[in-house]
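Labels for the chains are A, B and C, by order of writing; each one numbers its residues from 1.
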Amino acid sequence: MPNTLSRRDFLKVGGAALGALTVSRFVPPRVVAAARTAGLLDQNGDGYIPTMCEMCVWRCGVLAKVEEGRVVKLEGNPDHPNSKGKLCARGQSGLMNTYDPDRVLTPLIRVGQRGEGKFRKASWDEALDVVAANMLKIKEQYGAQAMIFSSTHNLSQVQFENLLYAFGSPNYGTQRSLCFNAMVTAFSLTYGIEEPSRDYTSVKYILLTGRNLLEAISTSETSDLMDAVARGAKLVVLDPRFTKTASKATEWLPIRPGTDLAFILAMINVIVTEKLGDCEFTARYAVGCDKLPAHIAFYTPEWAAKKTGIEADTIRRIAREFAAAMSDALAHPGWRTSNFINSFQTERAIATLNAIVGNVLTPGGCLNAENPEASGITLGKPSQPPYPRLSSLRLDGVPWKYPLVPLKLGVFQELRDAVLTGQPYQAHGWFIARQNPVLSLPDRQKTLEAFGKMDFIVTVDIIMNDSAWFSDVVLPEASYLERYDPLLPVSGKVFIRQPVIEPQGEAQSALWIYKQLGERLGLGDFFQYQDEEDYIRQQLAPLGNYSLEELRLHGYVEPPAKEKSQEITFNTPSGKVEVYSETLANAGYPALPTWEEPPSPNADQFYLLTGKVGQHTQMGTQNNQLLHKYEDYPRLWMNPEAADKLGLKDWELVEVTSEVGSVKVPVQVTPAIRADCVYLTPGYGHLSKGLRTAYGDGVSDSVLHVTYVDPVSGGQALSQTFVTVKKA
Amino acid sequence: MADKKRYGFVIDISRCIDCRACQVACSLENSVPLNHTRIWIHDQGVQGTFPKLSRTFVPYNCMHCEHPPCIEVCVSGATYKDPNNGLVLVDQEACIGCGFCVEACPYDARYLDEKLGVVDKCNGCIQRVEIGQKPACVATCLGGSRLFGDLNDPASDVSIALKNAKSLFRLDIEGKDIDTDPNIYFINAPQSLTSLVTSDAFKQQGQAVPREPKYTISEEGWKKVLVPAIAAGIGASFLVQATYFTKQLIEGEKEFDE
Amino acid sequence: MSKPRMGSYKNISIVERRRLREKKYKKHNLANILTHWFNVGMWALLLPTGIAIISSPRLGLSPVWMQELFRNMFGGAANLIKFHYTIGFLWIFVLLFNVLLGFRKYFVPFAISRMLLDKDDIQWLKTKPLQMLGLMKDKTLPPQDAYNAGQKLYMYVVILGTLGIMVSGPVMALKTLFPPIVKQIAQPLHWVSVFAIVAGVIIHVYMGAIFPEEKEAFFSMFGGKVSAWYARAHHEKWYWEKVQEEMDWEEEVAREIESAAGADPQPAPAKSGD
């Protein structure tokens, strides 16, 4: 309604008169002003602002509904390929992370003992000075390598890495070795790509090995899978647990933990010996398939039946059905499948299985192994001097102990042993950004001991997570709805995460924090951007004539697509799918997918399985009140058969003990798990009393997990811990 | 009237994955307090014996019945069925929060908001529907289980889904004085489901949906004792004055005139 | 002074009747009158809106056309209820204000002189209802006070009912302050209170405004006065009290005149019994 003075306007006019006294209060906040200029918000400050989710790493497109400077609702952005207009429970609840009553709103400096939770508020200047002074002190006394940096997958990570490389430390811990190292390493070696994307448009046969896609949700992929199932695609789920994914499957096979590899190898055996595969594809695009029949001959379905507990006929039938679907068959790479130290071999076998039915990179194929650089989008970045040369060994053993683990993945869980033994040298400081190693690393006690060896710990987070609780300085980061992050190209479009509201309290973006810190550390040259917007403008520059305002308005820009080459090439040394890997052979590992016997528990022990629930992301969302509202209380799953033997009833408190620790938790007697396994939802059992919602809720599986490292990929074998259970 | 709408939900049970995105979305869209929810996912629990197992999730919310028991008991007229679209809505300004309707709803689809002192329930996100959006739960449903639309419109999502449904059931309650005639249509459920939801096992757990409508003692007593008593009282007093008046008309006015 | 025979107006001469008709006694003071008519006005607004609010089909208390009419008139149930709340609170406030302000000066004397039941009242209560049904024609009614026993009883109903309404109404209106069960109990209390009063009001209005014998009573609610004739016919006991008061006053005046004239002061005569 233009040119009409509404009641609201009238009130504003009245307010303006008052405003003469308190002018500053009536100047619209920066974010609102900018969003208004961009045409995203109306006169009242209401509207939708496109941005990007950060409740997990899937990064859905979000439309944030803003009313008078507050986010009131988040919608999936229909223009974004990862959300397609939908958001999962976590994505929907995202604004409760921002409005968490336990948000850290000012920099905090510890005043009590570590772990006591006594902090005092500090100004940014003071806090940053303290951090810089401590880091410089450590660098001076022990060298830059004495400073450990760790952070979890996020869009600003590039500047975090910038900070640590500029500082000169080789010690970088990420969550990757606790997650997808096996998959990434295996697929990099086989296809030359870290993670092939899945295409469900024509899929007819889906094999999920421990990929609980309906609970470990990736919005668009979860939707696509349900569409495929509704369309009539066959879904076979290998999982020791009857998950929600299994409940939607055509066939659920409660496989013995750690033996998915045997199942896949037997499938390959059937397909190869019965010549059911896509010979044309393998002949043209794969190396080593000729070596496969002899190598695989031993892995018969009958052999696999003994390992997996699944009948040979079933394995044979599934192999034939899978092969019959040819390029419409999909064996999902998962993240780490069985979570045993043979996970790397399992992933290699899955990569091979897909290749021999010819679904990789073929038109209509279900696995897309296209090189990400092929999209032709290369973002700009601020210029910077070369990093100082790294001369010291990495504490996590890459590559001197783990030659094939990519440097940027690392073997995070190994760091602590180096810290505790002081070998090959002693670390003295730990910089943690948006990560909670206290809960995410196996063997929590060991992590806390390693913390104890530190002279200085600083944590950047939006809430007082457990690691922040044990830190010396806590720097409050702006939440993903309050800040810019570097741009992200997805499927030919470049998406932006932009602030939709003002930061709560004094929270600041990671880009700002790292730059401020860099300058105080004398590394200003590595952070040549004025502010977040300037950084993004520099990123945009090579894409063509796009303005930041245009990007902000739509949430993305779509540079003209580069002509796709018809040639199918893989980013491997041979340019083909490497079923036989020369690289592996040279490093002294089996060059073809090979069986590795996983350890098995004693008669009185159970496999301790880990997994996901659809309402939480790892250990980062338990304090979100809305997710807490709709979560299931985390109990220890146990089969009735096993419970009977131990004389346990539902909800009875039990003591679960592993080699490294023990927890007390109520039991959930359910037939949805094998009798030789128990399961505990991870991410609970927070130690930080600064998390009022999460504190006291459930127990942490990190107390129980024993550290087992896959020697090839460096991945943590999270399900290889065996526990005993008794009445508490 | 051809253009009169009848909004309803169609829920494809085979597609619900119990991710609860709908519940969180609903809570935010409608500012539902943290201790309450407007929509539910009924978990059948793991059925069968290892390894032949099944598990079914039944999402539901207010059924927007054709003959809602909640409206029957609402004393202030706050609960009403929108004549234009058939949604059962609550005028919270008119609601006094007595909770008769909470007890009466056979689907337990209502709750009392202690802070506001009023009753709240699913309103079909009418505030979104009016501007052409889908209800929050439907818009974000990952499995594509929840559908919403005009059941009178043959081209709507819901009508099409109903036409293609492999199976269909409703949680209808029919009894002596009651026939809710709900407007949530559950499709593509496993065969056993209709009986499961109302099974005795679930009733024992207090989870039966639907259940018989409950009428509180005060409401029941009010109807059975007080209303007749009041009617009798007023009737009697009217009778007294009427008798007196008639008598006077017949006998004529006495002794007061000069 | 000898007490006159009561209940014997039939033998009064026409001249005397005329005198009595012209002579006025004050029955109601201004506070009473104003409060009464304020009450009437508020009830006229509250009763129909209240009835129109109760929409529960299960109770079937109010006709649907009335609900529709009032909802349309006020633009929806919420407005109707808000109106009822507003008028209700106004009613409660003014009534409480009047009663509390005039509690000692008006209310207590009123309650004592006009609400206590005596032997005659009980006799009246035994006889009157039967007479109204056409029985016991021959029995004479005992003389009555300013209010008859029926009115006195009704006063109790009104006071209790009013309290019931005043308590239960706000319980429902201030909906956040009370748990649902209290609000559930408040509803029947509200309605029983209202209908108990309404049941009496039907007779009260009929007697006061329609019944020809009681015309004077109706007009007294404006002027505050009734004729001596009316008082003698309907509230004989009160009439003779008034007469006694006058006579006492005359004697007092006479004594004062005498003492002013210098004569020996005489002791005041002992008050006669009832």
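Odds and ends about this structure:
The rule is short, and it goes like this: a contact is a pair of C-beta atoms (placed from the backbone, for glycine too) under 8 Å apart; a residue touches a chain by one contact, two chains touch by 3 or more.
A quick note: this is a predicted structure, and the numbers were derived from the prediction, not measured.
A linear topology is adopted by the chain contact network, the touching chains following one after another without closure. Relative to the centroid of every protein C-alpha atom shown, the closest chain centre, again from C-alpha atoms, is found for B. Computed from the mean C-alpha positions, the centre of subunit B lies at a distance of 47 Å from the centre of subunit C.
A separation of 81 Å divides the Cα centre of subunit A from that of subunit C. Chain geometry summary: the mean Cα position of subunit A and that of subunit B are 42 Å apart. Contacts from subunit B toward subunit C in the complex involve residues 71-78, 80, 91, 93-100, 102, 112, 114-118, 216, 218-219, 221-223, 226-227, 229-230, 233-234, 236-238, 240-241, 243-245, 247-248, 253, 255-256, 258. Remark: subunit B residues 12, 14-15, 17-21, 23-25, 27-29, 34, 37, 46, 48-51, 53-57, 136, 139-144 touch subunit A in the complex.
Partner subunit B is touched in their complex by these residues of subunit A: 72-76, 85-89, 91-93, 95, 214-215, 217, 219, 222-223, 226-227, 230, 242, 244-248, 252, 254, 614-615, 625-627, 629-630, 639, 641, 670-672, 674-675.
Residue ranges on subunit C touching subunit B, taken from their complex, read 10, 14, 17, 53-61, 67, 71, 76-78, 80-82, 132-134, 172-173, 175-178, 180-181, 183-185, 187-188, 191-192, 195-196, 198-200, 202-203, 206, 210-213, 233.
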